[in-house]
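Take a look at these structures.
Okay, so subunit A shows up in both of these, paired with subunit B first and subunit C after.
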Partner chain A sequence: MWLYLLKRLALAIAIIAIAVTLLFLMIRAVPGDPAAILLGPRATPEMKAQLHHQMGLDKPLVVQITTFFGGLLRGDLGFDVFGQKPVADIVFEQLPYTIELVLFSIFWAVVVAVPLGCYSAMRRNSLVDQVVGVVAVATLAIPSFVMAVYALLFFAVTLRWLPAIGAGDGFWDGLVHLILPGFAIGIGWVGYISRLVRASMLEVLGENHIRMARAFGISEWRIVARYAMPLAILPTVTILGVGIAWLLSSAVFIEVVFARPGIGALIVNAVTARNYPVVMGAVLVTTILIVAATTLSDLINAFLDPRTREKL
Partner chain B sequence: MASVETTRPETNVAIGPGLQQFRKNRLGMLGAALVTLITAIAIFAPLMIMHDPVRIMVGPRLADPSLHYLLGTDQLGRDTFSRIIMGSRIPLLVAFVSLGSSLAVGLVLGLIAGFGPRWLDNLLVLFFDTIRSFPGIIFALAMVALLGPSLASVILVIAITSMPIYARVVRTQTEALRSSEYVAAERSMGAGTTRILAVHVLPNVIGPLLILVSMDVPAVIAVEAGLSFLGMGVRPPTPDWGAILNDGFNYIDKAPWLVIAGGIPIVLATLGFTFLGEALREIFDPKLRKDL
Partner chain C sequence: MKNILDPVSRRNFLKAGAALGGGIVAAGMPLSQAIWAAEGKVLKARSAINYLTFDPGFYALNHEVDVMNCIYSKLTRYKPGSHWEWELEAAEKIEQLDPTHIRFRLRKGIKFTGGHGELTAKDVKFSFERVIKHNSPVKVDWGSLDHVDIEDDYTGVIVLKTPFVPLWLISLPSAVGHIVSEEAVMKATKDGGTFGMKPPAFSGPYAIADWKPNQYVVLTRNPEWSGPKPGFDEIRILPIGDTKAAERAYLAGDIDYSVISMDSVATFKDNPPADTKVEEYQSLNFSWIGMNVDHPKLKDINVRKAIQWAINVSQILDAAYSGQAAPATGIIPPGVIGHRDKSLVPPEGDIEKAKEFLEKAGVSDLALTIDCLNDSTSSTIAQTVQAQLSQVGISLEINSQDGGSFWTVGMESEGERWKDLQLILLPYASLPDPYYPTSWFVQAQVGQATNWERFRSERYDQLAAEGAITEDPNARATLYQEMQDLMEDSGAYRFLTHVGEPIVYRTRKIQTATRPDGYPLYLDFKAI
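Moving on, here comes the complex of A and B:
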């Protein structure tokens, strides 16, 4: 286990290092001078030279990369010349909004999907099971931004039940502002998780210790909740780690649709303004988040299922 | 990220019984019908439109749906129905070109990783895992920021991000086949690597790969529409579903039908391709996704 842990961590660090280098080279490989783009067409050569110096563009590429890695280790993501602020400050100001949205979405999805999946497994091929199956595939297929726009149109514009934009102030207001965005992100996950729980529950229900419990005359609901659930829920736990990339991608659209602050909205705005340092910093932080989450889910997996340890 | 290697020597897909099974799959048939409809619309689009889809002020701005403008007009007085019809071409084109090139590159790299020397395999897998660790849409946005918003950027980004999954599937299957007995037998009879790859590995790999690709089509349609929705995809005035949805979104309180009309084709297209892909997977290769 310890060897696996070390190997897996080394792989994660290698992936992050390569990802950073790739991103860095991509930004440098762009045709055109970033400083010239930032300053616009009327910039004088002196202004460009000064900005070059400020951004460190006048140094050799190797020095630039080493400086960037060095900064990264200290939590320094560079400096936003537009906003006159460190990029890290900007990114970490926005990050909590996105995390709050993602956690809320996944929380309600799990709360709804797990009982639904259990029920589908217990009443296999019943009407409910079949309907849930079709709806699950459908909600998974529909892009979250279409879902978000329709939810906004129906509940905020037409019915005026819920606020359309922003993140709200304070706990309750914030919670109310989370409902529609959370719905748009979570609905696909309800389908996905309920199918996952159903499949693993069916597998677990066929095992010997469950048949034993049944032979003792324990009620079906108690068997599911007490003996089968802890086993059947494992695939869901591990899939959430991998799913964070998907969640963050949906968050980009949802934040734009609902005009919420967050890392997605930050990236879209930075891309529109061609503010490369901010784009780079925000993409980096999300990449690190994703690598950390997948590594963690692999480790949990390896802890629970020793067979996966040999596969690295 | 650690892959679960399963030994699956042969998946000789029988087409005949598969088709019969497919006919019984109601969702699959619905998906096939939707896909056929959308493809037909994309092909015959110029014959179906009622107005020039890019001409400004063919009618009043934000007009209600009427017999003359079936789905009303947008903020520039363009006919929404004609724009929706013509807009069917972009997503299909993007899916075809991006997934096609991704498939080709993934196939070659996967074969190299699966059949080549160990160090090259490790290197390639690390490369695949790195690309997979980039957050999909966010990586796409970064690329668009660098390359500038255009159809070509969208195609390139999708091709790059979907390639690692295909390559990994090919690699896993190639590795399983490489150590199989009949390949060893073939080799002992003096067959070269090229012959083994072309005659024995490729036919076994291509089927599952095509099913995987078909399952990725809805995701590609969603990404393309999403980028256009954010204004990072096709350039105006080219008609595109995501762009129409975005136009409608800006006038959501004044002209809700624009948003409704822009979203429905995206929903139908993603649903159609998903149902079709799921049905194909269920019939031909039920445990495909577990190989990833």
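Moving on, here comes the complex of A and C:
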């Protein structure tokens, strides 16, 4: 297990380093000058040169990237000349909004989808199973931003039950503001996870140890919950780890539609403004999140299924 | 995440209870109304931008001034209404002594918050001069400002190097005219440079109570303000970049005042939400299709004229703005000195004339490119132009790009892209004096941040210089009209529109007050 952990950690660091280096080179390869955008048309060449100097853009690329990684080792993500703030402050100001959105979406999707998947598997080919199947495919087919707009029009504009924009203040207000965007992002996952759970549950329910349990007269619900679920849930855990990346990209659209603060909106604005330090900082943090989530899902897999550990 | 421990307020409880429990109606009212009824007078308005600074001497975006108007005082301010006029604010008297000297006398008793004392002529001097001293990107707004002489605590003289007529409409009542506390700013910044998002002291009727990036700016009454009481206890401005999202927020009752898109005007007018008024204002913005006169394919003026005549502006506006925007006659909108009643090339153009110009140029099978922003309006305009030019045998390739790339495409300092630039669709924001928009097209701007058409005219430059010092409005109007004639006659410009600034607001809650271009003057808003 420890060897596995070390391997995963080394891989995670390599992935992050490669991703950040690629991004560093890519963002500088596209045309655009942060000084021209920040200072506007009224800026003189001297003002632009001064800003380039402040941002370190007057140094060779190798020096810039070395400086960035050097700062990273000291826990310094750089300084945003646009906002006159450390990049870390800006990123960690916005990050909680995206994390709460992603976690809320995953949470409600899992809470709804896992029982649905189990029920569909236990009542295979029943009316409920068929209805769940059709609805699941339908929700998968609808992009989250389309769902977001229609949910917003119905629940916020027509019924006026829920707020249309923003992230709210405080816990309860924040929770209310999460419902619509969380619904829009999570609904597709309900369909996906329920289908996944159903398929793996059907496979597990056909295995010898389950048949043995049935022979002992253990109730079907107990068999599902105690003996089948830990195995059937494994693919879902793996998918959820990968799904964090997908959810983060969905969050970009959702943050625009709901005018929510968050890391997605931050990255989009920073890319448009060619605000390199903020782009780098924000992408670095999201890359770490994604890598951490996939690593965590692998570890949970290894924990739940000893066979996985033995293969290492 | 720290908000998780915040106490549960009644408002939050009401909202959460309504949403989670399904009980969304409080005493028969929509939730937002129930909240409004229970709280003080709160104005919830939309801003199309995320604020980058609250420092008036270093402002980055025109709409930042909406907040600055509320939290700082300035000598003069724009008069609400449909004409570009100013009136006294912090000054009780202001007079032009001669073309380069303006004396002001401050009202007594305007206090800075935080114990930074009374607003004096020393603060005026500091505020105006720091823009020049610290080489602010917006120092051009001060034109030829040299310095400010202090006569006594309340009196001073603004001294210009050369006459600068636009000062009355683009400097004093606008962003750079706001007065900050010398003591507070020096304490906060050490050198008097920019303080960004952290104003060290307020001197207006409101103070910033809270600001969360991408979320809101909350303004509450400044307890040290002794002037007339503004209409609202609190102004909550929500940055919503996407106009359609803002419209949905308005319909949902989350905001009570917003700019809407031109293509939604008809919908809002035909099917207005309850207690809603739609108003349309003449924006100062202007957009046009420019042509790089130095590009080999566009060097011949006959080719450029052919393109001018082939473009049907009315059709473009129908496609891009649902016919809600009026064609522009130049770069100066109606209501501003120098506006032309009509353009040299009529909005509809003339295909036959375009073909004649192409024949004269001896050009056939012309293939061109047009660079534009990647938003839907710009794309629609570019596609319409593409279809129109194809009628005269010109094929057009559209290069859509994000703002980061687009706003440097014509700059010589940004590589070689300017050499390939042919047609370009440009939207600009402006200020209410002709000096401002016309200054972008002088020869000194060729290949810089503006003038990507590389338009050169000695006469134009001469008129631009005269415009800044000419006091007679009629004489100014004549010379600025001639400047636009010169631009259009060069074939390098096809003016499109000034768009418009449509707003919606809830009549049962607010009475609005705006500048002639629809920018909100929140201090003059009244609660109903």
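Following the convention adopted for this analysis, the second predicted complex is superposed on the first by the 275 of 312 C-alpha atoms of A that agree within 3 Å, B and C clash if a C-alpha of one lies under 4 Å from a C-alpha of the other, contacts with A are read in each partner's own complex, and residues count from 1 in each chain.
Quick note on the criterion: a contact is a pair of C-beta atoms (placed from the backbone, for glycine too) under 8 Å apart; a residue touches a chain by one contact, two chains touch by 3 or more.
Since the model is a prediction, treat every value here as computed from it, not as a measurement.
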item: Clash-or-fit label for the pair subunit B, subunit C on subunit A; value: clash
item: Partner chain(s) touched by A:V257 [first = subunit B, second = subunit C, both, neither]; value: both
item: Touched partner set for A:V279, first subunit B, second subunit C, both or neither; value: first
item: Touched partner set for A:V291, first subunit B, second subunit C, both or neither; value: first
item: Contacts of A:E46 with subunit B and subunit C, given as first, second, both or neither; value: second
item: Touching partner for A:E220 - first (subunit B), second (subunit C), both, neither; value: neither
item: Contacts of A:V271 with subunit B and subunit C, given as first, second, both or neither; value: both
item: Partner chain(s) touched by A:L153 [first = subunit B, second = subunit C, both, neither]; value: both
item: Subunit B versus subunit C as contact partner of A:F145, first or second or both or neither; value: first
item: First (subunit B), second (subunit C), both or neither touched by A:E100; value: second
item: Subunit B and subunit C contact sites that coincide on subunit A, given as residue numbers; value: 30, 149, 152-153, 157, 256-257, 271-272, 274
item: Sites on subunit C touched by subunit A in the complex; value: 1, 3-9, 11-13, 15-16, 18-20, 22, 24, 30-32, 50, 52, 60, 135, 137-141, 194, 196-197, 212-216, 238-242, 245-246, 248-249, 251-255, 401-405, 407-409, 411, 413-415, 417, 440, 448-450
item: Subunit B-touching residues of subunit A, taken from the complex the two chains share; value: 8, 11, 14-16, 18-19, 22-23, 26-27, 29-30, 134, 137-138, 140-143, 145-146, 149-150, 152-153, 157-158, 245-246, 248-249, 252-253, 256-257, 264, 267-268, 270-272, 274, 276, 279-280, 282-283, 286-287, 290-291, 294-295, 298, 301-302, 308, 311-312
item: In the complex with subunit A, residue positions of subunit B that touch it; value: 1-5, 27, 126-127, 129-130, 133-139, 141-147, 218, 222, 225-226, 229-232, 245, 248-249, 252-253, 256, 259-260, 263, 266-267, 270-271, 273-275, 278
item: Residues on subunit A engaged by subunit C in the complex (per definition of touch); value: 30-33, 36-43, 45-48, 50, 82-84, 90, 93-94, 96, 99-100, 149, 152-153, 156-157, 159-176, 179, 256-262, 265-266, 269, 271-274
